[in-house]
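Okay, so chain A shows up in both of these, paired with chain B first and chain C after.
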Partner chain A sequence: MPQFMRAQLALVRQPIIITVLVALVLLSPLLAIAIGTAKISMLDVLSTYGCHLTTACAEPDLTQRIVWELRTPRVLLAFITGAGLALAGALLQTVTRNPLADPYLFGVSNGASFGAVVVISTLGATVGIGMVMGAFIGSAISVTIVMALAGRGVQIERMLLAGVAVAYMFSAATSLVLYSSDPEVTVNYLFWALGSLARAEWNQLPLPFLVVSLGLIVTLAFHRQLRAVLSGEESAQTLGVNVSRLRLGMLFLASLMTATLVAYTGGIGFIGLMIPHVVRRLMGVNNAKTLVATALLGGLFLVWVDVVARTLMENQEMPVGIITAGIGSFFFLAVLYRRRWIDG
Partner chain B sequence: MSRIDSDQPVIHVQNLHWYANGKTILQDIDFAIAKGQFVGLIGPNGAGKSSLLRCLYRINRPSEGQVLLNGRDIWRTSLKQNAQEVAVILQENGDYFGIAVTDVVAMGLTPHKSLFSTDTLEDKQRVQRALDQVGLSELADKPFAQLSGGEKQRVMVARAIVQQPSVLLMDEPTNHLDVHYQIEVLQLARSLGITVFASIHDLNLAAAFCDQLLLINQGRLVSCGAPADVLTEANLLTHFRTHAQVDRHPLSGCPRISYDYDTSLLKD
Partner chain C sequence: MGFCFSTRLLRLVWHFVFKTLTRVSVVFSVAALAQAEGVASEKTSGAQRIIALSPHSVELLYSIGAGDRIVGTTQFADYPESANDIPRIGGYNAINIERVLELKPDLIVVWASGNPSADLQQMKKLGLPTYESNPKKVDQIAHELIQLGKLTGLEENAKKVASDFLAQLNAARSQHANKAKVRFFYQLWPKPLRGIGPGSWINEIMTICGGENILHSGFSDYPEINVETVLLAKPEVILWPDHHGRETEKVHWEHWPEIPAVKNGHIYELEGDHMHRFTVRILQGMNAVCDVFEKARAAG
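Right after this comes the complex of A and B.
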């Protein structure tokens, strides 16, 4: 199909796609909660919620406990994480005007890994707020370094180079700490680094939820400015957009979301690269609708990837990061393969 | 001191100097543009045309002097307020992510909308009317990147129309366009009936379309006034280093420049 026809279709399709996405977002959690090693029916899921909504569930049975205490927070965390990472990717791709930008590009995840490994090796913590804080501080440090080196007017090329350097620096530091620690630390770290939603609990949800909601609200507030940036830096400035300030703000927001989510879920990569691409292909370019769609699709994607992670192997869970990285890298290669004749 | 005099200038550049990296790029520039005038900025390569325009659209901050828009220093108003008054068409356009023509035109709404606001029916009609005005309604949903250079510039004119400015600044809007589109873009800009200040490479086009011309060379304003006063054989020789003969255009009566090519060399 010629590209202009695809673009025309994309605009017409927008309302339809949003409707389908919203329907899927409402249905998927119920389905995803029902699927798993322990056989649970949709009816069980609904009865658990009924019990929690109406009477106080004083003595929940095992099924109800699995639904309420294990799978519900897990599915919610998957949705929030997927939505946040996808949105962060869309923001970075827009403000850097680089369609291959990703939250991990600026060393955020390597910084988080380093922070996490330091906490694991010193405190022995595998879960909990200690590691979250460690990961967050690590990623905050890497973003600060990248931004400090971004130069006047926040130059993209400098930031990308700084990001690569910072990523290697933290990667080396992480290896050093691992090399000099007990094997147990390495195992714990590896489990975290591969990315998993298995540790999700209710009390972990508020912070990711708040941060991602904040991200979505701010993104929607500035959707016009974000679109204007696509016309070029100087051109956007003549439309009244303070491009450097917008870029700095959005970079901070994307980093905040990524750092928070990485801290809770570990290395779940490629969502921020892949989902905005898919949405652009389906719906065209940045407006308020496509930004919402990016968040919804990212959330849905991770909910279902996590279902696969839970059910693929019997009696064992696969780290969800392996699946997203697997799908994502093939996606990346496919994008490059398709573009090889076009952009050079 | 050279000036275009008028009672209530829309743009008033006062004693403007601009230095970059320790070098003086613009010095002692002083002029005013009256409401509704179509003023052309001409000068040889590297004269400082783009730097001057950038001073006017609030990218380059004057090192000395000031730029007044309707009597107010543009650096004392916000970017947004400024964008409500001044639209800019550049020679190069971003074309990232296959953004659609309608969306590019709708960008003109940006300085007029608050945060969170969505496009109203009126906004959409305004975008549609602007597309009609530049004759591009049929390409509304096409990706901007796939248009020809001339179509892209017409889209940028439509974006400027949606922006509802009182001043239009253009930095060599006819660059890389064929003759047909060069004329068309300038006609469109003229048809808006607002104050226009544009740098134009082609001196014959500048003579035909502009009410006034500013000639700058080596960062200084060296001549200004009606095209016939600026485009003299002496100025062409001094500032453009070209021998030429200037007479009247047979159809429009405006100055016409015939360059003196050394034909003996050309045919060699």
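Right after this comes the complex of A and C.
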């Protein structure tokens, strides 16, 4: 198929994909909330929202409390986290024009982990806001180092190399802290690093929500510049885009999102790498709709992964990070297997 | 350092020459020694320079009166008080083998669940006299006491301590055997929320006191669970261990009066070391648990 036809087809396909995604995003939470340890029907879910909307919920029953206080914040946190991590991945892949870029490659996640483990071992607890601060400071340090070493004009190769080196540096520092702490800290770090959405509560949601919304708004506001960068640095420059400043800003934004989400949910890997790839393959071209679709699909993906995590075993949760990375790596191997014929 | 190196070299040569001997592994010979009755009376004194590589073996040695023979131990062996003065030769992540050799131990009590297996293998290869203490059931503590008694020539002491221990354990068993079962949730860690499964060590203590674990099946002995599971299971008692004074996040159980334990105020903090260590102090942990369950039964 000629190139222009493929692009045309993609443009026709885009609105359909977006419509389907939006429909799924509206339906999925209701379905996901109705699935879990307690037997709860869709009707219960709807009645809970009905009573909360009409402020007639003075004395909710246990089912309604489970729906409202446990499952709803959890599904929302899953959606926000998935959307944010996917968007951060898409941003990094765009500004570096490297399909492998994700928060792990730039040391952002390792920096965040290091900050978190320092907080766990010194304050001895996985405290919400302390963890966010620790994780954010850690990832900010790693981004600062990467940017400082990026050289004039912010060269991508230098950035990637610096990112890999910083990632190793922080993982060594994390190991050192763990090595010198007692086993309880190590076990808690391990469980945190496996990823979990179980700590979701209403009062924990505002910060992740604000940060991811900010990320999406800024990304959409700059989507033309981002697209220009993707088509090549020189052409972006001729179009009047300040490439290095844009890169710096977007890196900062991606690390802000990653740090916040990592602090709340731990190590949920592979979403930032996988979802943007899926969306690019589905949508064909890059534009504002692609970015929205990336966020929506990332959110949907994590909502359903969390349903699996909650229901796979009776009385027990499977750490979410194991499932995302498990599905993610299989998916990638499958893509590579299929591409073997096309590329080879 | 030179001394250390030459000792190690000698050991390696020894190992090379008597390869076949060491292959059989010294653990077997020590176990055989321990099993053979009367061996202790031949060697009246028993082991005099002991390295105990776990907090529980240090405590067990103290309780049979061999505490002053311990010349080296690991991190966290902090009971009784005087155990804090024993030189440390490693932690859960590594054992300093050269220090072990320097201390010239005639008995090393190892712990497969808590010592790095590579270090244990090397000690066995070097022909060091190791004995593995790894109790998994409460009753095995008595067995451990007697084995350590044989190895240290303090068998009489050990037998007395062991039979006292078993007597108290069995008394508690028969006392609570026919009482109403108390449904409990043991919160190992608050966030992410983790409990204990039926195969775990702590569960056995709870069962002795007539407890019924709300987590009756599971993939792991220390599973991660969600609040919903506890809400639906409606435990009558919620317990958790203290974490050596360390602050942890709290699960806000008070928001859920639907749980009987919350409604009736049956939420208790227990001494973590009494629950998690394989020593005679487990009796104190057990008594605390039995008291708590009694209170829950009295409240109906």
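The working rule: the second predicted complex is superposed on the first by the 322 of 344 C-alpha atoms of A that agree within 3 Å, B and C clash if a C-alpha of one lies under 4 Å from a C-alpha of the other, contacts with A are read in each partner's own complex, and residues count from 1 in each chain.
Throughout what follows, a contact is a pair of C-beta atoms (placed from the backbone, for glycine too) under 8 Å apart; a residue touches a chain by one contact, two chains touch by 3 or more.
Not measured: the values here are computed from a predicted model.
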Touching A:Val22 in the superposition: chain B (first), chain C (second), both, neither?
neither
With both complexes superposed on chain A, which partner does A:Arg199 reach: first (chain B), second (chain C), both or neither?
second
State whether A:Asn188 touches chain B only (first), chain C only (second), both chains, or neither.
second
Would you sort A:Leu210 into first (chain B), second (chain C), both or neither based on which partner it touches?
neither
Is A:Phe222 in contact with chain B, with chain C, with both, or with neither (first, second, both, neither)?
first
Just to be sure I read the superposition right, which of the two partners does A:Gln237 touch: chain B = first, chain C = second, or both, or neither?
first
Between chain B (first) and chain C (second), which does A:Leu70 come into contact with in this model arrangement: first, second, both, or neither?
second
Can you pull the chain A residues that chain B and chain C both touch?
none
Per the touch rule above, chain A residues touching chain B in the complex are 3-4, 7-8, 10-11, 93, 97, 99, 220-222, 224-225, 227-228, 230-232, 234-235, 237-242, 280, 284-288
Considering only the defined contacts, which chain B positions touch chain A in the complex?
57-59, 78-84, 86-88, 90, 92-94, 96-100, 102-104, 106-111, 113, 115-118, 141-143, 146, 163
Interface residues, chain C side, partner chain A - complex:
75-76, 92-93, 189, 191-194, 215-220, 223-229, 231-232, 243, 246-249, 255-256, 258
Which positions of chain A touch chain C when the two form their complex?
36-38, 62, 65-66, 69-71, 123-128, 179, 182-184, 188, 191-192, 196, 198-199, 310, 313-317, 319
